[in-house]
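Next come two complexes built around subunit A: one with subunit B, the other with subunit C.
Up next, the complex of A and B:
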């Protein structure tokens, strides 16, 4: 049987606002539990929510950046379910009137553009954190510790339509979404910190069928690697079940990182009826044209726009995609260096290869203040003009990262400029020939491999300033090879 | 000197003129509340020591002429669903019997700046759900006019406290009549302000779109003084509105509507007679009076008993034994939450949570909650068009006088009907007041309700004060002290 998988992804992104969504408690990044709390975010009797305008602005930014239609008169809804780390036992969220609907996100797969359709972008407040001691599961834990620092932190939830067909696309989508959030400066986007969390809805159906199969929700995927593996596993599990004539149960499954399998979560909230209704503590979320226009004007250059600009410099889509997902200073450096060199490939290779490689080796996260983008374009141009060797370029770069100097100073100090004057080179070549008559004799007798030795001698005599290619060329001419 | 029967303005005048001291008033109040407690059980807590100190500080301010306003040194009772920092807020529920609030409700912060004194917290129907103050986990409150009868509810403790002169005035909360109905049953003024003019921050929510804090007092002027102190925009309450009052005429240029649907079946002859009495006064004073019809009012109890329980089912979900309040252990977290809620809530609260949960359930939402919202919207429209032709609407406050304790406890529907006249103002967010008009043949108080359009609270109070003067009710209950 030919089967096709269909995947939809729900992503929660923690917004990097200073304060929480409905109270003015600071958003804190600490292991110390329960230090940023107030009556509202721990659900004391009588406490009320007051929305954080900045968070709504951020969500609107994301909705606009994904091409969503903005709901002018939106609403806050209560999503009702019981869980010990949910203080009010309802979550303030949005239901039928989210901030944005019907958008799409461009991604790059195998050097080609693709799109993932977005169903909705909406606000949600985060819950606290539970640690279930003993088994790690609420139903069987011996005790549960609760930390409400995260309770009420603003989240934006992005739900795709069921349009993703492979784990590869799913990973590319999350990478793109993460970059978008970072470029919009609405989140740190750190997966390891839980700034970005995702669940996948997966179903498998016969290829020719117009209907989707029974959907299974997968939770607890904490990295891109686990997203990829969980999807692949689940597609295989469902496919073989279908091939064996078994039916798929609609359920929530838990990705087990260590066993690399999904297991059924039989917890109660799985089958909940959330009984959404408009939160009577909050007026409608009215996004005026003026507000939306202001947010629109504040949109920065988005990842797909950056990619287009990079492609215009001559990079292929795949390299452009890599660069569009780099830190902002790298992207800026690329454009500055490219403006000087007009050599996209060399600029790309020097930045993503040599520069980042050396920084990793030296364990530094950002370039020193003295490091001008012109240093890199100077190096590229010197190599291009045969004034220094590629190896010398690397040496110069390493010096520049560590010392406040210039490429020219380093090249001079370390004598890295190559001799390009042919008569001067000929002089050295002839000198070496004179001093190595025996070798020359053997070369003439057919021992070709000794040419390399001679080239080495020439470079040595020049103090490393002669380009090996040119040395070989002149040597061959002089020896009539 | 007997200070207990005086109005806030009269008391303030005595203090300013140094003819009496707040500490003298306070000791009279405390003696009274201590002695009334056994007969009435109006209070769940009384704060003696801290108040004596507060009253003495107030003495000091008056003697140095540094007093801050009309409420300086005035003892007020507070319904026990309003948070006072470092005091218990039990909501008359076992669930919160040990809950001490770490913060002040906005109304309390406001009264604090006026240097008012809180005598204690008053009894109520559990989480303000009820019309008789019989649904209290800590025992029922009795009507000071006749202790066989209920004081009304849910702010029955506040009403009994003021009526027995155990406090000068009190704060209540009104979701479907919980200020006005007990005020009427106890011969007092009860005022539910326009929704949004008084912050709900720190009021334990029953039904957020309906709840409103307001005063219960002996006179309209006392209600006005308290209202002007507790109202105003609050950045901690997103439903709080800028209190920009609209002026209505309150002299004979005003048009008065008599609500036809609230003068029909289900309303006792005695209650109707009180309205007639008011009509006669207004006729004599040459007001324009007409009968008006608001057909949807007949649906108000149905609408209310879908919307209020739906909201309460979510509002009361936070009481789970996890963070504060009662905790009854179980083998798992869920079992603990279930056990806690099974034991912590009384029957009426459970009934409403179930009703509300059902009304919001998948498949039933549109038929019940959704329909109730649409009907509520229509009712608001109906009121808006009536207020184009009338300034004030008059009706009985309650279908009958106070009923006997135990009389309706086994029949919730009959109990719900006692809020027929008061619920519409909550559904439409209107200001509404009950003022005492006379006594029934059983010697129990009766009152009339006056409603006006949103943000005309001050005019409504002025109009009511005019009527109050003409009615000259001015009686003190003695039944409780016998």
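Up next, the complex of A and C:
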């Protein structure tokens, strides 16, 4: 049977505001429990929530950046469920009037543009953190301990339409969304810190069917790798169940990272189970045209716009996508270096390959103050003009990262400028020929691979200052090859 | 209206202890409330309406600046907890 998977993704983004969503307790990043709490975020009776203006601004930025229609007259709802990490016994969220609806996000797959349709973008609050004390196993815990520092931290939930058809597209979507949040400066976007968390709804149905199969929700994927593996596993599990004539149960399944399987957690709640109703503590939220326009004007250059600018410099879409997901200073460095070199591929390779590689090796996160973008364009231009070799370029770069100097000084000091003058090179070539008569004989007898050895000897005798291409050319001429 | 609830169970779920007198008084109060709310089920409602824009308050939401304000100290926050340990609230084991 030909089957097709359909995936929808729900992502929660923790905003990087100074204070929480509905109270002015500071958002803290610490292991020390319960140090930033007030009656509102621990759900004491009589406490009243007051929304954070910056959080509303941030979600509006994200909704506009994903091309959503903004709900000008919206409201908050109570989503009721009983779990100790939610002290009010409801989460303040949004139900039928989210801040944004019907948007899309551009992604890049195999050097081609694609789009993921977004159903909604809504505002809510995070829960506290619970840990289960006792034997270490959740089902035999003796008690649950709670830290409410995270309770009430602003969360934006972004829900895609069920339009994703592979784990590859799902991963590209999350990477793009993460970059967008970083570029908008609304979140740290660190997966390992839980700034970005995602669940996937997966169903499998016959290829020709217009209807979707039974939906299974997968939770507990905390890296892009686990997202990819969990989706692939679940598609296989559902497909083989369908092929064996078994029916799929609508449920929530847990991704087990160590076993690389999904296991059943509980039957899935429908939205009716949450008994949503409008929060009587929070009046209608009106986003005025003036407010929305102000937010629109503050939109920075978005990842897809950066990609387009990079493509204009001559890079292909795939390389442009890599650069658009780099740190801001790398993107800025690319444009500055490209302005001088006008060589997009060399600029890309030197920045993403050599420069970042050396920085990783030296374990430094940012370039020293003295490092001018012109250094990199000088190196690229010196190589292009055959004045230094590619290898010398790498040596010069390494020096420039560690010492306050210039490419010219390093090249002179280390004698890296190549001799391009033919008569001077001929002199050295003839000397090497004279000193290696046995090798020359063997080359004449057909051992071609020894030419490389001779070129090596010539470069060595010159102290590394000869252009290998020219040396080989002259050697061939002298030996009548 | 006969009582359709178990006041002892409700008290247990709400974590409040009630004397027999209180149970009796609250039972009759709750019966009156339920009877009153019962009137709603006599209304004919169109359950197919989407995006109903209703809210008990006419006012618009006021937003607050993202500036930290003093809140509870760690000890104050934990002072009402039935049980606490290592700076955390402790509750009976819970399962998802």
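Everything that follows uses one rule, which is that the second predicted complex is superposed on the first by the 447 of 481 C-alpha atoms of A that agree within 3 Å, B and C clash if a C-alpha of one lies under 4 Å from a C-alpha of the other, contacts with A are read in each partner's own complex, and residues count from 1 in each chain.
One rule holds in what follows: a contact is a pair of C-beta atoms (placed from the backbone, for glycine too) under 8 Å apart; a residue touches a chain by one contact, two chains touch by 3 or more.
The structure displayed is predicted, hence computed values, not measured ones.
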Subunit A as common anchor, with subunit B and subunit C clashing or fitting: clash
First, second, both or neither for A:18, with subunit B first and subunit C second: second
Subunit B versus subunit C as contact partner of A:283, first or second or both or neither: both
Partner chain(s) touched by A:145 [first = subunit B, second = subunit C, both, neither]: second
Larger contact residue set on subunit A - subunit B or subunit C: C
Partner chain in contact with A:96 - subunit B first, subunit C second, else both or neither: second
Touched partner set for A:50, first subunit B, second subunit C, both or neither: both
Which superposed partner A:29 touches (first subunit B, second subunit C, both, neither): neither
Contacts of A:39 with subunit B and subunit C, given as first, second, both or neither: both
Partner chain in contact with A:73 - subunit B first, subunit C second, else both or neither: second
Contacts of A:273 with subunit B and subunit C, given as first, second, both or neither: first
Contact residues of subunit A, present in both the subunit B and the subunit C interface: 39, 42, 44, 50-51, 84, 138-139, 141, 144, 146, 280, 282-283
In the complex, subunit A residues that touch subunit C: 17-19, 23-26, 32-39, 42, 44, 50-56, 73, 75, 83-84, 96-97, 130-134, 138-139, 141-148, 265-266, 278, 280, 282-286
Residue numbers on subunit A that touch subunit B, as the complex places them: 39, 42-51, 78, 80, 82, 84, 87-90, 138-141, 144, 146, 268, 273, 275-277, 280-283
Subunit B - residues contacting subunit A, complex: 81-83, 89, 91, 96, 99, 101-103, 105, 200-205, 207-209, 235-239, 310-311, 313-314, 317-320, 322-324, 332-334, 337, 357, 360-362, 365, 369
Residue ranges of subunit C touching subunit A (in the complex, touch as defined): 50-69, 71-72, 74, 77-78, 80, 83, 85-96
